[in-house]
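Dropping the structure in here first, questions after.
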């Protein structure tokens, strides 16, 4: 008698635990949104959503890896993405495909070296070394590019990260219209204004200098309201 | 050790008056189980943690464990030196230093052997917790200064370092909390020892049974993942006594988790104010 | 020998190998010795002539055996770095990933290069090298990876450029690598052997010997051999690989020429011992002597 | 004269040797597995370990010195802290060892066929285990054996010996006591078969007509040294070649 | 702690890790096997004690020299033991880079200091000559000649055999003219006293690779080890110092297992070493 009841009792216990687990996984999804979390805290199970920035997956659960507020980004096609919004900007290291702002430090016949100072328009605490190769300056007639006709030391350039490059620098490209020189200074220091996609002019001396100019994007142009 | 010419060194032949009459400490634990500072053997000192104390650092943390005061500052992912070779995973550089005025004996300005060893142990503990693959080709620098050393400076520094990394927005699998225990004869375990209670071989004479089962054990732990990421012990311990002490340290470190969590969450709360 | 006994012994008196009777008629030279004085010879490796004296004496520049192949006189040193020739089979380790090429460590004077154009990328050979390939080079081969390749060209300063444009070459999978002196590897027609005992060995000319299990699946034509299976190797095959590795290390220590027959003989004579005993002093000597006697019999047998 | 008690009146030196007698030399090749070439030389109580790496791709810090037509030799000499009588911790970069390394580098630059290895680098590492005088000479002999073991092309052996003058008689292969006795000491490196002096160094003052005598005894010492080294190399080569040609 | 950057490919690491799972390593050893150890004592004549150890292809020399010196203020009746480790460039060219070499050397030196900084390892009071004025300072210098993995175990074997071989001249204290004690060295160089080494610790490194822990890891195995524990074990199985290395983390049960395993192997090492040192006949020097 005791043997079989022992088995029934055991079955009952098992059922109860799975139920608890299931509902815990289900409820937990809603109650943690907007909650504050610290690295290592378990947020939800993997079935309910995917892990975004500031979280990581381990043994079927999503854990927080940053200190901040848990938020969810709805995705119609797939599971929502869970991420942690921390007081720091999301980006601290340039990744492939980011749009970076960099300052040209040195140019040679084959490449231009630059300091990456901001990634996806949030500034970096410490600058990273980048390099724009001759064949990555322009997408049209790539081989007839002259570096000194495209960049000058001191120019501020918008570029896209092509690859992690090697130990010394990241590999950047300005081969799209929106990428290229954004702010340049003439010899006497006055900022140049953009004339065309490859020319800039000094408002004071009207001297034309050739640069690989970035096409100003609509949202950046402030049309003077009447 | 190379003396640093820029600073006014203590005159070589000078003598710390305290060392002339070393206070011979007979018993750290009197009969009704109380220690010199009145605590019971299984009672830790109060811990005070405060993030964001160093303004120019990316992240920082100030930790007070009784009179032990530690400041840790983290400088965010920066470009690795040019001569290093390519690494997909980030690199951490950690420097642990006692301030020259922090201990009873004047310490030099250049890190000596024991400080280099502790820096290495803290580095290993932090490497276990930081998600280095999110920071390819970059270097994270952690600087720890002990302002006043009144015992378990190492465990306070490890906890402070991990909180500073979290404060700096560096991705971590889990924060690291650490605790140390002094084994004082068989059966007595003094939690969170002060500097007087730390193990010093010269307090024992070899005739009276030597220093069997005397030693200091420090353990660093990933609390939620329940993984040990640093162990450091000295003194003369039997194997099972050592195992028991390590288990005690892990449970102590586990209790620190709530205090660490409160400190980190307080820095997040300030985020809502300036967002709103 | 019970499993965990620890062997601590005094350093063995360096035994020198048994010197065979007829070692004397072999012409040994040391640096600075005069080899010949008559004029009609062609200067090969390991020799030099002094521009100064006019009676064009030929001196030896390394210590080793003089080899005369009709007109060519050269001295073969025992331990040298690998100087490559076109068509040599080579095993190398990727040292650095650069813009359009990989730097490969091949135990030679200079690091060899593997151009991205001389590699089979996934999707067959004819694919043109696009800029995208250059960016994802690290997915194909990264630092530390072992590759088998062939020497395509030797530059004037001795730098080798390699290629892996055939199914036999590519990234190497699970197995272990032993480094010996290149002069121990006998130059044969074929350097990749599928040994009967179930292991594949590549006795590369540059002294890197790769031993792995005979992977039945030759399925990786499509992807240029870049993804490698990582499931655990069963224990018996692992034993074969490790036994071969220890045997090769024994032969190399007593500088016996390495080629498929000598390795096989050593493997057979090592079967009676446990794998971990092979490296001990007396057992390795025993194996080497047995191998030499077997080779001797084979040479006199059909010699 | 300082050299008085160096030689007893029966003409024997402090350690019982005759003035023209070298200390006992024992050497062996192929001591390490990881190095390309290695050797161990004992000259009396001076014990030296030499290991050669190369010719290989120049390391990153040497990249500035690459020459396109010949190889660069990088030499490093270090003395163990327990090597001399009183324990002295010598950090690697101190002036004396840099000095010695420069001398050895100079010696071997003229003897190795550097043009055969363009744009590459050869590392010579020397470690003094025990120093009892004539460290330079023992290092040169050990480095020569290690280079032969590494199979690097060289014009000829380089054997080095030292000699000093005491009471008119020249003492060959001087030990630490004779070295610190203060009289002049001439050490030279010689290519025995080509009979060329590659490097020579004189500390202290020697009268003009005695230099010839001391130099002859040094060259004589080098030839004896060469005989021992030659025998060792031949034995080593015979030993390895017997299996080599046989298999 | 694979300092000299011999980075293996992932496939080779896989092969090694799976091998360790099957308790069959690439050189045939099982997880608790040591490689053969070659040990020679009294190899350097101008030291008071010396030893040469070769474990697999890790090779190092330990020289011990004793000096007269003043005892520390805090411990007037005790002598001192000082460790110094040097990595000879022969080991590998990478040893030339100052920073990497310094960390590697500090690692060993600090572990030796940690395990000898107690009452039991060396009886320091026997080194005292005149209380507060004069004592013996024992300088232990380790010179690493070749790196083949498992440096710490090899170093501690060398240090224990060198200390046992050390002969400290038997010093006679005579009262000098104005009551000053004077120290007189014995004229016969062989009239020496030996340090007792039966409580000297041996360092044991237990590395955790994949899912098992192994002993005596080669350089390749060290590069795929996630965490390792170094501990100083005395002959009677007491633990004199523990430190976890390499940046991985361990769950507490495996840490306890590794400590037990290390203690067992440490005691076996002691037994084997003492047997060998007793039966060691002088004369066979290291290299010839």
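Every chain is named by a letter (A, B, C, D and E) in the order it is written, and numbering of its residues begins at 1.
Here is the rule we use: a residue touches a chain if its C-beta (ideal position, glycine included) is under 8 Å from a C-beta of that chain, and two chains touch if they have at least 3 such contacts.
The structure presented is a predicted model; accordingly, all values stated were derived computationally and were not measured.
Visitor: Could you tell me which chains are in contact with subunit A and with subunit B alike?
Guide: Intersection of subunit A and subunit B contact lists gives C.
Visitor: Taking the mean of each chain's Cα atoms, which chain ends up nearest the overall Cα mean?
Guide: Minimum centroid-to-centroid distance belongs to E.
Visitor: So what's the Cα centroid distance for subunit A and subunit D, whole Å?
Guide: 61
Visitor: Return the distance between the CA-based centres of subunit D and subunit E, expressed in whole Å.
Guide: Chain centroid spacing, subunit D to subunit E, equals 32 Å.
Visitor: For subunit B versus subunit C, what separation do you get between their C-alpha means, in angstrom?
Guide: 51
Visitor: Two or more other chains in contact with one residue: find those residues in subunit A.
Guide: Counting only residues that touch two or more other chains, subunit A contributes 164, 166.
Visitor: Going by the touch rule set out above, which residues of subunit C reach two or more other chains?
Guide: Only 14, 96-97, 143 qualify.
Visitor: Do you know which subunit E residues sit against two or more other chains?
Guide: Those would be 288.
Visitor: Under the definition above, what is the set of subunit B residues touching subunit C in their complex?
Guide: The contact residues of subunit B facing subunit C are 85-86, 88.
Visitor: Please give the residue numbers of subunit C that touch subunit D in the complex, ascending.
Guide: 14, 16-20, 23, 26, 28, 30-33, 46, 48, 50, 59, 61-65, 77-81, 105, 109-111, 157-158, 181, 183-184, 254-257, 262, 288, 291-292, 295-296
Visitor: Spell out the residues on subunit C that touch subunit A in their complex, using ranges where they run on.
Guide: Of all residues in subunit C, those touching subunit A are 96-99, 131, 135, 138.
Visitor: Hey, which residues of subunit E end up touching subunit C in the complex?
Guide: 7-12, 14-15, 18-19, 21-22, 24-30, 32-34, 36-40, 52, 54, 157, 265, 268-269, 272-273, 275-276, 280-281, 284, 286, 288
Visitor: Which residues of subunit A touch subunit B in their complex?
Guide: 36, 38-42, 54, 56, 58, 63, 65-69, 86-88, 92-93, 125-129, 164, 166-168, 170
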